[in-house]
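What follows is chain A paired twice: with chain B in the first complex and chain C in the second.
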Partner chain A sequence: MKEGYNMVKKKVSEDTTGNQKKVKRPAKEKPKHPFWVIVNKEVSDHVRSWRFIILVALIALTCLGSMYTALNNMGDALKSSKTGELFFFLKLFTVSDNTLPPFFVFISFLGPLLGISLGFDTINSEQNRGTLSRVMAQPIYRDYILNAKFTASMIVISVLFFALGFLVMGLGLIAVGIPPTAEEFLRVIFFIVLSIFYVALWLNLSILFSVRIRQAATSALAGISVWLFFSIFFNMIVDLIAKGLAPSSFAPEYVIVKFQKMILNLMRISPAQLYSEATTTLLMPSVRSTGPLTMEQVAGAIPSPLPLGQSLLVVWPQVTGLIAVTILLFALAYVAFMRKEIRSS
Partner chain B sequence: MLNPVIEMVDLTKKYRSFTAVDCLNLTVGKGEIFGLLGPNGAGKSTAILMMLGLTEPTSGMVSVCGINSTRNPIEVKRKVGYLPEEVGFYDNPTGMENLLYTARLNSIPESEAKKRAEELIERVGMAEAKHKKTGKYSRGMRQRLGLADVLIKKPEVIILDEPTSGIDPQGVRDFLQLIVSLKQEQGLTILFSSHNLHQVQQVCDRVGIFVKGKLQSVGDIESLSKQLFTESLCLIEAGIHEFPAENTDTKPVRKLLEPINGIAKIEHKKGVFEIECTSDLSATIAQTIVNAGYGLNFLNKKEYGLDEIYNRYFEGGIQHG
Partner chain C sequence: MTVRKEWLILLLSVTLGITPSSRRVVSANNDVTLYTAYTKIAVPPGESIDYSVDLINKSEKIQTIDLDVSGIPYKWDHSLKSGGWVINELSVLPGEKKSFTLRVEIPFKVNRGNYNFKIVAADTISLPLTVRVTEKGSYETAFSADQPNMKGNSNSTFNYRAKLNNRTAEKQLYAITAEYPRGWNVSFKVSGKQVTSVELEPNSSKDVYIEIKPPSQVDAGTYEIPVHATSKSTSADIKLEAVISGTFDVDLTTPTGLLSTKITAGDEKVIELLVKNTGTSPLNDVKLTASKPANWNVEFDTTKIDVIQPRERATVMATLKADKKAIPGDYVVGFNAQTPEASSKASFRVSVRTSMLWGWIGVGVIAVALGSVFILFRKYGRR
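And now, the complex of A and B:
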């Protein structure tokens, strides 16, 4: 491999001899902005790290697995669907026979893990290794380090998710043979963007932990426990509260609706709930509301799927909430980092 | 001072109730090797971090090359190379790649960076290891690579925070030689923080003794010892043939020497006379002993080194005089 590289290099240098050399030089010599130097390094570190490779393998496997079950069950899903073959393509992401959860459920489960694993040692490992003070002694602003690391992780996550999303679409296209409509394509794109934001939320949480907690292992554990809390215990706790507060079955309708709404709002404290509401609405156009609907509200509605704009409108509060939490976590991490003492011992 | 490069005026840093650096006033001139000497936890590192603008002082002013470090840290960091205590490198890249990364952070053009990195790696004696991963480097190698890393941006000032801790004696010697030659060739200003007085004594032009956040005294080694040992500056050891260790009756010698003006104290320990005097009287003492008909085996002049100064400050306290 090395020989090949040298050969290429030689060839290039032969090509550039003569007049071309003078023309090419200035472009090559222009140094990169330090911010992008850090981003560059971080991206290459991520891509080469074992933990990232393992996670990508895991996610790619589950993605292919869920697509396989989706394709197997496509026929049944089509027969049972009332609205005909509308949004057939989106079913690739949502159909399942309960042996394996569908793609978007997998992402809501594994996405946090990806975010946490990319971020948990962002700052503390640099500090423990003694590289932080060395890098900070270079003429760069302090926040470059944090911002560049966040940007690098976001680039990696975005590329990964778009690649996976397009992979599923492409394979589905080959297997099913029906091309997606423009709207379906846009819905998938929005789904991917939303997933990226969701992972960014967990990434920022783990970056915050990495700034505050000195040991990388402790910081990883803190991130994972928050994730476990929201994905397992939180629902149990809400169930418990719901049981305690449930109105009697003879209560008037508005009391029951009020109670349902309250429980739903409690659930929405969990980012996973926000994400799953938003994704289901995006990927299943027949979903008309994320909350309970009374008969009066449904009366007179045309039983057809929502157009993309309306779906987006339905999930807008969820998306705003997710983005707000993401930004809040980043701001906390940023402030903590700017105030941090950087010495290594 | 003619050309002050580092200037600190009433520099103070407090962490809640703890004062890490207390009203530090210090000036380091151009082309000087200044040794900041003090025990662990004296506040040396804190002072250094303030010079680089990495920590904000509670009060006071610090400037490097005429630039305020607190207000304009980026400009200062362009001119100052800092080798932190326990310098670290990214484990997976090679030593060469680590250097190039630093060069890129300093916006040095790629081809220039490569040239400088090659030169510096050669200079610090790491040429064989340049394509090895830094994760496999020893402590001494990392320290040498650290020096190359500091020099790649062609700084005007370099600050070395405990650069020799954890290196073997040979490594320390090489490292110190490198520092001295850097100063001679490039006229760099060097601030060297250490708790090891012998190393400081070997290379530094001036020394500041720093204890509990306060600068106790500043000066070259000689003036420091003068400041402290006002009554007894010089210790002379004499071995006299007629008075070995078994002979405890040393009166004749005492009688002989005590009249000499300037001798403060005479002791006889294990066959050696230890004579404390206020100035260098070795010639007079030798002559007196020989004239009295004794056989003078040896005469040894001991100057007070940093060891004694250090001990006086750190162990005996500062209430001298």
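And now, the complex of A and C:
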């Protein structure tokens, strides 16, 4: 990192002062904006770091594994559902035989880990090594550092997820031989974008921790504990509450529906729940509602897939919530960073 | 006619000098008698009668008797036969009798009534015979159907049996034609084969089967179909009647035939429905009903159509209101047009979409969040 910023420093100085080098460049090329210089540097740091390589390998392996099971079970899945034939390609992302979870469950599980690992030492490690104040000595705005680091991580995540998504689609195309329809393709794109936002949420959370917590290890632990809390303990707590409040099994339908809606709303505090509801609805067009339904609402309904727009509208609250929390966390990290005393002690 | 015949005999006697009186001596006695059992016969025109007549000799010697028929109408063919020969004279042994036959063929063209003639033996003995012709005969073709009137609906086939009878003296080739309205189908069959003409020997008949198929969209009512049998010299007609009883059929659809629509939850949608009378009778009191999901509402501008004439249609506007809480996706809404006689159902596939309102609110929330980040940039960015 230290060397990296020396290079940045060099480059910046070259850009501002080095007239000799400018001559060598084509006349029209402008010097790179310092913001993008930092972004470039951060991206290359991420890509070369061992923890990123390990995580990518882990995610890629699990994704390939889940795709393998999906392909193995494609035949059974098609036989069992008739509406599934319409969205054959999406099955690649959702079918499983319970030995390995499907693609989107893996993403919901490993995505947060990726986000946390990319962000937990964003600021504090720089500060601890004293490079932060050196960078700040350059003629750049202070928030460039945080924004550039966030942007770099986002670029890495986006490229990774699009690559994974297209990898699955491409391999699926080779294995299955049926091209996706335009709607299926769009659904997968929306799924990938949603996944990126979901990882961005955890990224922003860990950036916030890295700003607030001095020690990188503590910051990482804080992030991981939040992740563990939401992925393991939160469900247990909700179950406990549900058991305590559960109405009698002889209660009228509306009471039960009301209770289930309440439990579901409690579950939705967890971003993982929001993400899984949103992705399920996007990848399974036959899902018409995320909440419990009364018999009254189902009467007269034909089990048919929803158009993409309607699927999006069904999960729009979840999507809005995820994006809003992501932005909120970024805003918090931003404020914390801008108010921070950055001189190393 | 009898007068004429007698005149003829008189003329012959005068001109040729043949006097039948030469044998009158023999026959003058009362030893010879003519006998037949059936002296008065009733027959229809066109029949032939074979009289079996006995000539009885009661004398002691052989009698040779001159035989003749007198008073028979001019156009009636007759002949006297015995032992396979045409005869004019017959000899009978003493105390015995000899049979001969008189064949009289009654023509078709004859008036109703009694006709008297006699067999004359040896000019003095006569056997009067009477033929009663039971009906007025005709010298023409007879064409008749045993049941010229039939009733059925527009899908049934009418099968008539007609009898064509050639009562002329010549062989005739009849062309059989029918006059029927456009769209009908009439065919003629003789002994199982479809034909357009029939050949008939004199005084013979054939059954002609007439098969009539009305068009399926024919109006209720009585249809007369004349059938002609025409040869070059004669013709005959029958009038067949097909009484079509009406069918009741109703069809409920839309002007475009499209049976699906889109609706936003909580909104109203006007659907144009067509009620078609596809039967052949007027439909009275067509009631419109709808089957719909819970909390949905369907209103018709008219719930009852008083009358729809055959092949006419009526337009009904149905206002469909989806439940406010309807989840997105497809629903079935059934529309029914009912009369006591017929009914039709149109199932609509209604795609429910949710209102965009919450979508825009979500967009607003994100915009506010982004705006606040922008404000933070401005405030803390230290530009």
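General remarks:
Here, the second predicted complex is superposed on the first by the 315 of 345 C-alpha atoms of A that agree within 3 Å, B and C clash if a C-alpha of one lies under 4 Å from a C-alpha of the other, contacts with A are read in each partner's own complex, and residues count from 1 in each chain.
Just so it is clear, a contact is a pair of C-beta atoms (placed from the backbone, for glycine too) under 8 Å apart; a residue touches a chain by one contact, two chains touch by 3 or more.
Bear in mind the structure is a predicted one, so any value in this text is a computation, not a measurement.
Superposition of the two structures on chain A leaves chain B and chain C fitting side by side, clash-free.
By the touch criterion defined above, A:241 lies against neither chain B nor chain C after alignment on the C-alpha atoms of chain A.
Contacts of A:319 after superposition on the shared chain: chain C is touched, whereas chain B is not. In the superposition on chain A, A:136 contacts chain B only, with no contact to chain C.
Once the two complexes are laid over each other on the shared chain, residue contacts for A:217 go to neither chain B nor chain C.
Look at A:262: by the touch rule set out above, it reaches neither chain B nor chain C. In the superposition on chain A, contact of A:306 is made with chain C only, not with chain B. Of the two partner chains placed by superposition, only chain C is touched by A:331; chain B is not.
With the two structures overlaid on their shared chain A, chain B and chain C come no closer than 8 Å at the level of C-alpha atoms.
Chain A uses residues 141 to touch chain B in one structure and chain C in the other. Residues 141-143, 288-289, 293, 296-297, 299-302, 304, 306-307, 309-310, 312-314, 316-317, 319-320, 323-324, 327-328, 330-331, 334-335, 338-339 of chain A are the ones touching chain C in the complex. Chain A contributes residues 28-34, 37-38, 41, 45, 48, 129-131, 133-141, 341-345 to its touches with chain B in the complex. By the touch criterion given at the top, residues 45, 49, 52, 54-55, 74-75, 77-78, 80-82, 84-92, 101-102, 104-111, 146, 149, 153 of chain B touch chain A in their complex. Chain contact summary for the complex, chain C toward chain A: residues 292-296, 323, 325-333, 349, 351, 353-354, 356, 358-359, 362-363, 365-366, 369-370, 372-373, 376-377, 380-383.
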